[in-house]
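Presented below are the structures under discussion, each in the form of structure tokens.
There are two complexes below, and they share subunit A, which is joined by subunit B in the first and by subunit C in the second.
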Partner chain A sequence: MSYRVNWYYERYYHPLYDKIWQVLLTNLHHSLRIRPLMTENAGYHPHHNISFGDEGNYYQVAFDKVRDNLSRGLASVYAIQSIATEDTRAAVIRGMEKVGIDNVAQHVESGMIVLIDNNTFYSKAGLNTQALKNYWRSILANMNRKLKSSYNGVSALFSAESYVNRNLYDTFMAWEILEDRRPAVQSELFCWYKKQWLDRLSFIHLVRLFTSHNSTVHKNWNYKDWSDSEIVDLIEQGIERILGPKPTQVLIETVRMRYGLSREEIASRPEYFESILHKMLEDDASTILDSAADVLKKALAYEAIHQNGRALPTGKNRGRPSDGRLG
Partner chain B sequence: MLVDDQADTLNLTKVGLEEHGFIVDAFDDPRKAVMHFKQDSYDRILLDIALPRISGFELARKIWQIDNNAGICFFSKVEIFEHEARKAFSSNSREYCFLKKTIISSRIVNHLKRHLVVS
Partner chain C sequence: MEKIQETSPLRFVYNDKIVSENIDSRRRHAVLFYEEPEYAAQICFGFVLAGLDARNSCGYVSKDPVEYVRNEMMAVGALDYEQLVKEGILKVEQFADLYDYPGGAKKGLEEIAARLSWNTGTGKGGNGAAARKTRAEYIRLQAKNQDRAIVLDRAVLKCLHKVRLSEEVKANMSLEKKHHTNFHMFAQTSLLVSYPVRNILATAKGQSEIYSDWMNVLIRKYDTVIYAFSSMDGGIALNLA
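Moving on, here comes the complex of A and B:
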């Protein structure tokens, strides 16, 4: 099925399709958008989280996360690296051993660690977002069958590298937006991307990354949840760098008065906000949006320090997620 | 003095320049601007070229009739106006300059500092 979709897509592709797709996604995104409240003191964040790490410690952070998951009885899906050959697979296992995970091979055998090649999502599902979702569901179902009741949930590390490298940002966004929010087992999806990719994302993509995830993840596993108002705070910071504080407030108020887009709505309708700025300010709009994008990128980075971020409890006292809610 | 018929950009530019310490009289109607203008009343004058009823160039001539030394900065979206203005004012020694239209006040201030000397 997915092969057939790919074949059609490649054969009949037209750039306009991406535009149409983007509009459809935006509307779908609005209707699907769910922002469940996080449960205080839960052992982990059973939701959809994102961060952008430095190339230097990118894999190290991911391995730490797997070790951390195991200590809390969480099975890990590791899908951020190529394991296409025996050598690359062995390198991943060595990396995990280096951070102190004992008997990695045994964990892989038991199903507590599931290694998936980072290209698999693209090769299996291509641009078909439903196929992407189905594949993710099948992974969870397999783990559930294999592990039965011997695990507390699943924490999955994903990277959309295969999409980003092909400049398929809209499909990448579709994956982010259509990620299954109610899978069969408790799960955390941790989208772990390389910081260098941030520069390829537009203002609209960046805002959508905030709104399509429950939390951004930062150094020492601090999780930061973002309200729409806080996302707009970031956008305003970027605009202020160019215009200054008072003109920024005047601009936001003008957008509300003239175009009916309130301050809070900017987070959920970034494409409309962008089009208003282009209409109002023409060439200046790009300068202002670039500055806002710059602040958003910095806030998404793993190294970013945010006030009101909540640290993940450490040590083995971390309990099973207390709310029993599915992701 | 700031003259721009587009109320949104007029307001944004005014507020931005005020943040840089300028006292700004803003007009969206060029006729009101002329009525309000008096000799030596402004250090710098910013005129949008594409104004309704009376163009920025005509407005500049009226201002210079009142104050021969008024320094005027024309701003416009398109460069063709600049070409026209250079032809129109080539024979006189008025102090004027051109700026691509922007609401980014730091750009305006830097441009004014470079091109118009405050008397």
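Moving on, here comes the complex of A and C:
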């Protein structure tokens, strides 16, 4: 099935098909539970995911992921750490060896592990979103040439650190959105975020993090898909903390009646929603947006991937976590 | 998490948010949807009292008898009602329903505008002399318009139109669609127009067909909306323009 998907995308790509395909997949995942089958058959999870971790376990979980990828025949792109010097490169290789990966250097040589300095994306592409996209696609193409048919897919771990640290997050976000419009179905992407970066992101960034990724990834590699309605549920929770439930609901309805922005559209047009709130509530809009951002951050970083323990949040209209898992 | 209060209806009117900013050189017109008449009265009186504090001329037009409004207003805020009326700073008028007004709703609006005005020239129109005396500076600024009536700074139009039956709602919707542009008569007046709604949330959510359509029309016409739920649930005031 996945090969058909690849063939389809490569030959008959049109943005509208992506939309239709995504809707079909989302429905099928939930009703027929085909995603685990796709994962097992193809050997990869063809989605764009985002995960969060604390500084302490940030790299450890990534090393575990690379090890598991190898056991499944998946090539790995590891681009979340500096390998600019021999020392830092050696530290990464030692980290991989510590989690039980034998002959790391040999895997690097064969192309099953591709180490990329986490600053390379910025140095290669800078502020050019298209260049960023092209660079990523060139990595995939190189791997394909090198590995030919000896691998089941690519699992990539990316970091936005070089952009976050330069306060250039908008550029990275633009790439995230662009990439989402044409999912790289031969690869699974993990945007590997540190929790503390969340504090640097605006309300719009946070909503875009949800909408530009297929799933958030939580403890035990538990994936959670978010519908637009569920994202707006979170935004509403944040607004309710400040205004209370009834005023929040009439606020949302007033936005619809006056500005034609329906509840579901808020997730896809957060900029418009934010500008409307500023008009409606003037200075108070910031307080409300901060509260909504706070709820979004908590949902993104809930049960971060390296942690064990509780299940996903189960608020109103909250969908169950999808059962697709990898690793 | 910080709580905000400025969006609560009473804080909104007492802090004069309705009159805070003009739109295209005209003053804001606000619509108030309320579930409890007592709560609505507090909000409407609050709007007038805040205006009187700022030495704005204020009008209050409702279907209630003037004496009744006088007593209610004095119960809400300590004010020298008789003196303010005498000076022309405050005008309280009783008005029949626009729906049944002889000559149509537009004529009715003109009548309301006339009652909320005083003439700066010959003294026709009621309290002209007193108004000139107390609002000399304002009138001097309006010198070019000596023969034209000057309307009050702010006014409450309360329950001028029945909206209980679906026919009445349709009639009001038609009035707002056709004649809201005639509200230019009140271009220099900050207006607060109030309407009762049985269940604001359900109506806003579109669960009340004709009432929901009607609310939708009004939300698109006015510059500010105030939703006053039952007094226990508070409400919210939102700028729309």
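Keep in mind that, in the parts below, the second predicted complex is superposed on the first by the 252 of 327 C-alpha atoms of A that agree within 3 Å, B and C clash if a C-alpha of one lies under 4 Å from a C-alpha of the other, contacts with A are read in each partner's own complex, and residues count from 1 in each chain.
The rule we apply is simple: a residue touches a chain if its C-beta (ideal position, glycine included) is under 8 Å from a C-beta of that chain, and two chains touch if they have at least 3 such contacts.
Predicted model, so just to flag it, every value in this text is computed and none were measured.
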| item | value |
| --- | --- |
| Fit or clash between subunit C and subunit B when superposed on subunit A | clash |
| Contacts of A:D294 with subunit B and subunit C, given as first, second, both or neither | second |
| Subunit A residues touched - subunit C or subunit B, whichever exceeds | C |
| Which superposed partner A:G244 touches (first subunit B, second subunit C, both, neither) | both |
| Touched partner set for A:E282, first subunit B, second subunit C, both or neither | both |
| Contacts of A:E264 with subunit B and subunit C, given as first, second, both or neither | neither |
| First, second, both or neither for A:E303, with subunit B first and subunit C second | neither |
| Touching partner for A:T254 - first (subunit B), second (subunit C), both, neither | both |
| Where subunit C runs into subunit B (options 4-12, 112-120, 166-174 or 202-210) | 4-12 |
| Shared subunit A contacts, counted only where both subunit B and subunit C touch the same residue | 242-244, 246-247, 250-251, 254, 258, 280-284, 287 |
| Subunit B - residues contacting subunit A, complex | 8-9, 11-12, 15-16, 18-19, 77, 100-106 |
| Residues of subunit A that touch subunit C when the two form their complex | 241-244, 246-247, 249-251, 253-254, 257-258, 279-284, 287-288, 291, 294 |
| Contacting residues of subunit A [partner subunit B, same complex] | 242-247, 250-251, 254, 258, 280-284, 287 |
| Subunit A-facing residues of subunit C, complex | 1-4, 6-7, 200-201, 204-206, 215-216, 219-220, 225, 227, 229, 233-236, 238-241 |
